[in-house]
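In the two assemblies presented below, chain A is common to both, partnered first by chain B and then by chain C.
This part shows the complex of A and B:
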């Protein structure tokens, strides 16, 4: 018990207390001009439900999280299958391609902002050269273009993590089973569907929920690439809370959004925590 | 391993491998390429893939005309201290949870690990005034403590998974020999735990080195800024559109974390996945 005390003290001060205080603040009005919290009950939540821009933030978040998470798990899965094969240079490829995951988020944002740059970006040059487009697209200044850019940046940085987890899971697939299926004349596609996926399904679920949690929390790359714009096209819940709190200084409303946000994260988190505590 | 027997399967495999490697590495190679280009070459309508006249001018500009060295220094102090603190505290807590039975053990551990799902920006709403009241606002110590939320929950769980697999008999035998608890922890548990400790150290270092949100909000003076917001505010501010220097700066701030990884990756991926995948 005593061993856990130092960690517990810091948890209480820097995690639990601020969390509960923010949670409580959702029932108060606290703005830049009236910083002293005034009890308003459910008023903040009422305002949110009435607010169409909040509905939009909500939809943007769901699409962002679902698309990003699905793409990450799928790419991570196929990438793990590839790296599970024997080929020359496998170790070096596996080591070097982990890089996207470990770069600072500002760097990730810069890399992709530069590739998506409307005037001198690599993407436009390639698309123009291939004859796909005539006119340069100002990606980050168009709502759908900016959305695609922030999704790709996040999928890019997370694919190596998803791959690592799934590759570890693949080690438990027995080669006898794969060989037996091969004898029966199954091709690669059918072995993936009928032997590998059922076998590592629990791993895929864990990777999915961990990624969903991370994508719901994600703010850094979006903040650095688009700041939630243009026209709020990339404003997800994390950006909304940050802007309400630290640009408009409306702490009560920001906290109320935070409460809704917390309960959304709690859905994948429940699956994750359940799997963790089965083993304690 | 999947069967790759036919000729067309080999080609499909090679094609997929190439596409993945291209997708994952192209942006990084593009960053390197841009960082070595002269300004005239950076802003070409049809970009060159490899710099025609490689130059270090972007690096010189990034190092001398910005405060990047200050950001690196602050980043190193904050990240090293946070990583050390997280590793020590998580090791103690994980050992307590794994090898001692006490009342409320399970719920306490549940509470700590579930802190992963607290939205970070929401914590910040209350951390901000809290830091201001306690004098920790705009200090490196404040940032170090605020960073605990990122890596600590997962670290406790990772180390817990390691310790719980150590046989109880080992600890019992040491106790029988009259070793006190402190000695057991120091001489028996910690050495066996080294791969886990390295994993956790690197994991928390990575979180604090790579963070943008907390540092941007809890640090206000330029002399204390870390790399994330430092880089962002420099190249969105006075040096906006200087993509050559921005890419050179990006390479510079990525080097420490890449170096750390090159040496420790073997432990890291293994340690991180061992806990979560079963």
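This part shows the complex of A and C:
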């Protein structure tokens, strides 16, 4: 107990107390002109429930998390399968694959913002060069284009992490089992479906849950690429909290969104913790 | 040797003590110091202020409000602060600014500063800030582009304006005929409201939301039509537009008087590019509205938070806002209009200045600025206009949604 005391103190001071304070602030009106909070009970939550823009933000968040997480895990899985094979230069490819992971996320965001830039972007240049388009497409200026761009940026950033976890899981797949399945006439698809996936399924679940949690907390790439726009198309809960708290200075409402955000994250977190403690 | 060391030490101590006794410390906080052109000017000018040692702190424009509030909340003293005119109600509401009439004297200020411009820093009979530079956000034309398109006169009506934009698109196919901001809700709100005003629409009247009107719908449909026809580019904000304007790829756009200074730098042609840059009246819709533009000013104030050195603040703010010589130098270097009577008289031979000042005569204060939660209101307006411009909503639905959201936020 004594050994955990320093860590416990730090946890209480820097995580638990701020969390409780912001949780409590959700029940107060606290704005720029009203820095001394006034108790309003559940009013902030009532306002959120009644607010169609918040409903849209919550839906956008769920779609963003689901699409980004699924793509990340799928690409990570298939990339891990490739990197699990023996081929010349595998170590170099594995090393290069990790690069997006070690890049700061804002650098990644600006890189992708440049790729998708309507006037000077790489994507338009390539498409124009290939004769696919005649006129430049302003990707980040359309709601769907901007959404796709932030998803791609985050998937590119996260795939190496997912790949690393899954590759580690693949190391434990018995080569005898794979060989036996091949001798029984199974094709690659069948081996993946009936041998590999069942074997690494717990790893896939953990990667999925961890990625979902990380994507729910995602703010930096979206803020740097689109600032939640255009027309709120990329406004997820993290962006909404930031804008309410530090642009509109409505701390009470921002805290209420934070609480809604917390409970949204709590669902995958509970799944993850359950799977972890089940193994212990 | 020992005597020499004692002499040196005592001389140094006396010098330091003397400096401590006479020099005052002041902090100057503003976005101008975070911009390359303004930084060099400010650094040079603060050295000219006698007996004041100035700590210069620069934040980007879009982080200024946040940092002002943080300084206010944390009790940080700020002897000189740069303020955008639309932030004034919020700062006054916070009680963050000193009454400068008590520092300079109301009569002295009235004798020095142009009365219309001086009023920009007044609230409830108090002078909370002094105008450093002022004008309006108005329609700026590009003479070279207009000439290429065969347009010899500024369009008088919105129909003429649309026809001129179509001519530009035809003559300069890669151009953005009208560089209206379509990205960044804050810019969209500030610029689009000029068109709304011209169509006779107001966002607020007598403290109530008044945007749900046929005039507002007509204005937004006009804007959406320009976007749909490629006469306004999607995903553009004023910064991108300025770069294109300097390459003669924009026919018209909304900007403050700083437009000419920026075009000089970005075109690489310096003053030779001036001939292309001139303000034009916002075209009429035939409803009797005079050409509208948005009042725009950079003000300087002294924050009341903490324990500011008022005498040092007086010297710093006065040097930039009341000294005609500094103001004319600022105009010469950055193209920003002065505000003192003496400095204005010196530059009135320039048509760019006289034309702009004439247009500013019918300028209006940015509408959300008079509300305490102006940031929230501005965002709502900008987001709904943006949604209509990008086709995510019809103009009709966007106006209805805007009215509902604004009413809820009031």
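For this structure, a couple of remarks:
Just so it is clear, the second predicted complex is superposed on the first by the 278 of 280 C-alpha atoms of A that agree within 3 Å, B and C clash if a C-alpha of one lies under 4 Å from a C-alpha of the other, contacts with A are read in each partner's own complex, and residues count from 1 in each chain.
Rule of thumb we're sticking to: a residue touches a chain if its C-beta (ideal position, glycine included) is under 8 Å from a C-beta of that chain, and two chains touch if they have at least 3 such contacts.
Keep in mind that this is a model prediction, so the values were computed, not measured.
Aligning the shared chain A places chain B and chain C next to each other free of steric conflict. When the two structures are aligned on the shared chain, A:246 is found in touch with chain B and with chain C. Applying the stated contact rule after C-alpha superposition, one finds that A:182 touches chain B and leaves chain C untouched. Once the two complexes are overlaid on the shared chain, A:118 sits against chain C while remaining clear of chain B.
By the touch criterion stated above, A:100 is placed in contact with chain B alone, chain C being left untouched.
Within the superposed three-chain arrangement, the count of touched residues of chain A is higher for B, of the candidates chain B and chain C. Applying the stated contact rule after C-alpha superposition, one finds that A:69 touches neither chain B nor chain C.
Here chain B and chain C sit at a least CA-CA distance of 5 Å once the structures share a frame through chain A. Common to the chain B and chain C interfaces on chain A are residues 119, 246. The touching residues of chain A, counted against chain B in their complex, run 1-4, 6-8, 10-11, 13-19, 21-23, 25, 75, 78-79, 81-82, 84-87, 93, 95-100, 102-107, 109-112, 114-115, 117, 119-120, 122, 125, 129, 156, 159-160, 164-165, 167-169, 175, 178, 182, 187-188, 191-192, 203, 206, 210, 213, 216-217, 219-220, 223-224, 237-238, 241-242, 245-246, 251, 254-255, 258, 261-262, 265-266, 269, 273, 276-277, 279-280. Within the complex formed with chain C, the residues of chain A that make contact are 31-33, 35, 51, 53, 118-119, 138, 140-143, 227, 229-233, 243, 246-250.
Contact residues of chain C toward chain A in the complex are 66, 69, 73, 90, 93-94, 182-185, 233-236, 240, 372-373, 375-376, 379, 383, 386-387, 390, 392-393, 405, 408.
Across the complex, chain B meets chain A through its residues 1-4, 9, 13, 16-17, 20-21, 23-25, 27-28, 30-31, 34, 42-47, 89-90, 92-93, 95-97, 100, 102, 105-106, 108-128, 130, 145-146, 148-149, 152, 156-157, 160, 206, 209-213, 216-217, 227-229, 231-232, 235, 243, 246-247, 250, 253-254, 257-258, 261, 265, 269-270, 272-274, 276-278.
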